[in-house]
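Below, chain A partners chain B and then partners chain C, in two separate complexes.
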Partner chain A sequence: MECGVLLSIRRLIWVIFFGLLTVNAGAGSRTLVLVVRADSKLVDLDSLAVRKLFLGLPVLVNGSPLHPVRNRSDADLDPIFLQEIVAMSQSAYDRQTLIGVNRQGWLRPTEATSVGELLNQLYADPNAVSFMWLTDVAHNPKVRVIRVLWGD
Partner chain B sequence: MRFGRLLSLALLLSWQLARGEPLKYEFLLLPSAEGAGTFDRTVPDTQIHAAVVQADVLLTLQQGPLKLFSEYLLSNHEGDLERLQLGWQLSDDTVIWLGRFHEPGSVWNHDHHHGQYLQTSITRPAIEEWEDLGGVLPQHFTGVLVESGADVLNGRRLRMALAGGIAPQITEEGLEAFDLIHPDTDSRHQLGFQGRLSLHPNEFSESGAGLLLADDELTTVGLIEPAAATLDHVHLRLYGLFATYAHADWKVTATIYAADGRMYYTTHRHEDSFSVGYIQGEYRFAYDLTGFARWEDSIGAASSEYLKLFDRFARARQVAGLRWDFAHRQALTVQFARTHTLEGQYSDIRLQWSAAFF
Partner chain C sequence: MGRLINTLRARMIAVVLATHAALVPLLYLGVSTIVQEGYIELFVNPIRSYSRLVADELENASAADFDHHAAELLDSVLLSGQVQFAQIVDGPRTLQGTVATAPFPDNRSDDFRFGDQGDSVYLISHTVKRPGGSVVLRLGFDEGPTLQRVQTAKRRVLAAMLIFTAVSIAVSIWLSAMISRPMRRLREAAQRIARGDVQARIQVHSSISEVQELNHHLEHMRHELVGSNERLMTEMGERAASEAKRLDLERRLLHRERIATIGTLAGGVAHEFNNIMTPILLYSQAALREQTADSRLARDLTRIVAAAQRARNLVQGILTFSREMDAKRAEVFSVRPTIEEALDLLRAIVPANIDISFQAAGWRELRVFGDPSLLHQVVINLCTNSYQAMRPNAGRLWLTLGSVEEAPDGSAANEAGYVLLEVSDTGHGMEPQVLEHIFDPFFTTRDVGEGTGLGLSVVHGIVTSMGGTIAVDSTVGVGTRVRICLPAAQQAVSRGVVDGMHSGG
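Up next is the complex of A and B:
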């Protein structure tokens, strides 16, 4: 019972959070959010873990590795990805991922070139993690927002 | 053969445990083509190939925490399965591997492996050379490798690796690693153990410093040189220190190895020791040009009985060159080197194209 009340409060907080963000988005600003499939076991991911994930390093949840999907559906996302998520230049990012594959057999993030393709990858894999404009995901019940990554 | 069965069993068991997870893969091709010429030569044979065209192929298959990682090198001179590792990702920081791997006690090879594109210079330091190219230290082992890391001292990163497995053996042609695909029935391979510990400013930094330890039992097979014919095995202990400093356009790497060898002949035992070190500096200029220079030297190499088993070993070498990165993940490199072996000296000049394709 107590658990149910806590769950309801949590949902309410999310509704308020989304509402505020959506209002903000409607006013012309843009917000980038980290997203997973709605039933994903992932609850939270700090910025260091997000950086590790998109550099191809293993990040596990309940013993299973997460699968990063780089959103390349919008050219505006690339500089934000490099500056805010992996914090390095494109050439350094290329080199870092190459080194990871060569030394450890790490997997590079897969890429999606359209929102539809990205959503399909998220729907198909409960361990997939990506980032999207909030406006692309705000009313989608199949996708859950983990955190805000960037806002202008 | 027994190891092959064990690997198959582990693969089957791990696959059962990872069932239900999506299968992911990664493919990387590292091709290169190189031409070389020698001059000012006082040694009868440098063993430098005039032309080498090679493709280094890496493939990772991953299902949940289970990974199968392989590296195959194909060239106009050889075709070898260099790495074949079955891994289990225990946590974000720890992975345990079973199979054929590059020993973690080699600083250069742990960083670069076989792909030419990821190393700035065309050649590797002589002390880090592969067994089948005249290398004097074991590089390929078949066994267990555990790699781990931990955050320590306010965000600094401690990296660790421990390994144990079947060590190479010494033949008339040099060191010969255990062949996982075609294991010799008459081989005398023994075991070797290695450890590596290093500290880095953070998880993503190339800078860092560390130490290495290795303890390898190297048996001999079919030595016919009179001085070595009665050698049964060598117990080789290796101690190493290394440091890398990478900052903006600069990168400097320095490594020193000290080796203690006990050489067991049928009639007596010989205590042997030598030290080898190198330092390489790189500077990135404008227009994607990178200049590099390396100095390799040794102490006690000329008097080492162990090193006399490898007459091509370079006891000292000076290397300088220039690399140009162009297009997308492609590079042209020109390199000059002056080498002093145990038998004489020579100079060589090389030109190489290298690339990386996903």
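Up next is the complex of A and C:
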């Protein structure tokens, strides 16, 4: 019972926080968030796990592998993705993913070239994890924000 | 100027310059871009990883003494030397390290590309999740050293390109000289050949096979030209000799025809004159026999008979010249005894200051067909002319007898060869215009009464009647040489053949 109350308080805090972020976004700033399907069992991912996930390393949550989806719907997302999520240059990222695929048998993240395509992939897969502008998901009940990745 | 531009060297240099002008800037841009991207990669990749590590470290910092840990972390980051600015923004609060830095630029957004905002700072922000909310880690990295490295690299690339261009131009100049020098020598050789100087061998040394082939072909052409020239010169010489021989033959033919015409005419006149003189001589002799020896008429008749005899001898000479001789005495005889007999006679009448000699070459007996007395007369006439040409001075008269395979004038070959008799003297010689007429009857250079002018005419008639030829060489002040060439005779010659051969006239 106590845990359930604590969880509710925690969720409330997050909602307030994201609400504030949304207000800020509406004022002109941008926020990049990590998202999953609303009913996903995934609660949180630390930055190292996010980094591993988008480099193609297998990341398991409750015994199920997560499926990264790289958002390429906006050209501005690419440099932010490289700098904030995988923390490397484009060529280093390409090299690392290629090494992972060829030597370790990892899988490259799937890619979505539009927000609609990305959302469809998220809706279809409870283990899918992606990143989006907060403005694109603020009022979408089917998608849940689990982490703020970068804020302008 | 135009000629200079059209040279191989100028064109090669122009091509190299044009190629470099087009390619070197592109090459420079390409290489510079690659170098710049390399340096940027070397800058961006580590700072992104580094900033991520710092953010993770901050995220894992204990919540109890967060501010203290944050300050230590910022100091550590600043002391690493890679970070120019570092701060943590926690809502309205900003945490700084204790290490003094330049003031953090206000309202500065993040950089995502090298040199994005032109202030030599690459700013990275990471949102760090904390139990009580989120903080933002902001790190500013100095782009200056990398910019400097990029500029230095670009300058080095530019210098390398310029050196490359200079070396290329120098190589093209050297290469063009390597090609154009032998080409120029080949051109000079071709010009020499065009001027007619084909003797100098063409030897242009070059390592270029095309030039070697050209040299080989040019030398081959020169060699062919030399051969053609030599053949042409030989042909021209042969033609000149042939023409001279033809002219000589023509001259001799004309001379022979002239002599023959004169001979025919003289022979006709001599016949008629002989017919006239015969009754004069016979009747004078008959009348003389009827007179006493001391009568006045007898003396007159004696003078008539003597004059008639002289006239008859004269007529005989003319007939000899015109080859109206008596062929009944012709026979094969040895030449040498006849000549020696004539010389014995001559030595008695020739002055002592004239040295007479005779030399017969070889051991073989030389025989000809004809009247020996006529050959005797030939020798007498020729030697008489010679010693008269030397008078009153001393001199030398010499005769040589030999044999030759072919007649000097190239007339039809005789199986037994030819007998060559040469009579030479050291007399005063004759001028060319005199030589032209020496065989004409009654032509003489002596004073009136000293000669009849029939001596050489008779010689010519005798030699011609024997089927031979006669030629005279004379130089004024040096002497004269008469060459008589008679066909040599076989041992046995039938009389019929003899009569048929030399009875014309």
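FYI, the second predicted complex is superposed on the first by the 142 of 152 C-alpha atoms of A that agree within 3 Å, B and C clash if a C-alpha of one lies under 4 Å from a C-alpha of the other, contacts with A are read in each partner's own complex, and residues count from 1 in each chain.
The rule is simple: contacts are C-beta pairs under 8 Å (C-beta built on N, C-alpha and C of every residue); 3 or more make two chains touch, one makes a residue touch a chain.
Here the structure is a predicted model, which is why all the values come from computation and not from measurement.
Peer 1: Once chain A of both complexes is superposed, is A:89 in touch with chain B (first), chain C (second), both, or neither?
Peer 2: Touch partner of A:89: chain C, not chain B.
Peer 1: Quick check on the superposed pair: does A:43 touch chain B, chain C, both, or neither? Answer first, second, both or neither.
Peer 2: neither
Peer 1: For A:99, is the partner it touches chain B (first), chain C (second), both, or none of the two (neither)?
Peer 2: A:99: touches chain B, not chain C.
Peer 1: Touch check for A:57: first (chain B), second (chain C), both, or neither?
Peer 2: first
Peer 1: Looking at chain A, does chain B or chain C touch a larger number of its residues?
Peer 2: If we count touched residues of chain A for both partners, the winner is B.
Peer 1: Report for A:80: first if it touches chain B alone, second if chain C alone, otherwise both or neither.
Peer 2: Second partner only.
Peer 1: Based on the superposed arrangement, let me know which partner A:150 touches: chain B (first), chain C (second), both, or neither?
Peer 2: Only chain C; A:150 stays clear of chain B.
Peer 1: Which chain A residues lie in the overlap of the chain B contact set and the chain C contact set?
Peer 2: 48, 51, 88
Peer 1: Applying the document's contact rule, which stretches of chain A touch chain C when the two form their complex?
Peer 2: 17, 46-48, 51, 79-80, 82-84, 87-89, 91-92, 147-152
Peer 1: Sort out for me which residues of chain C touch chain A in the complex.
Peer 2: 41, 44-45, 48-49, 51-52, 55-56, 59, 109-110, 112-113, 124-127, 129, 133-134, 136
Peer 1: Once bound in the complex, which stretches of chain A touch chain B?
Peer 2: Touching chain B: residues 48, 51-52, 55, 57-60, 63-65, 67, 88, 94, 96, 98-99, 101-108, 124-125, 127 of chain A.
Peer 1: Where on chain B does chain A make contact in their complex?
Peer 2: Listed in rising order, the residues of chain B that touch chain A are 21-22, 24-26, 28, 30, 58, 60, 62, 64-65, 67, 69, 85, 87, 89, 91-92, 95, 110-113, 115, 117-118, 147, 203-204, 329, 356, 358.
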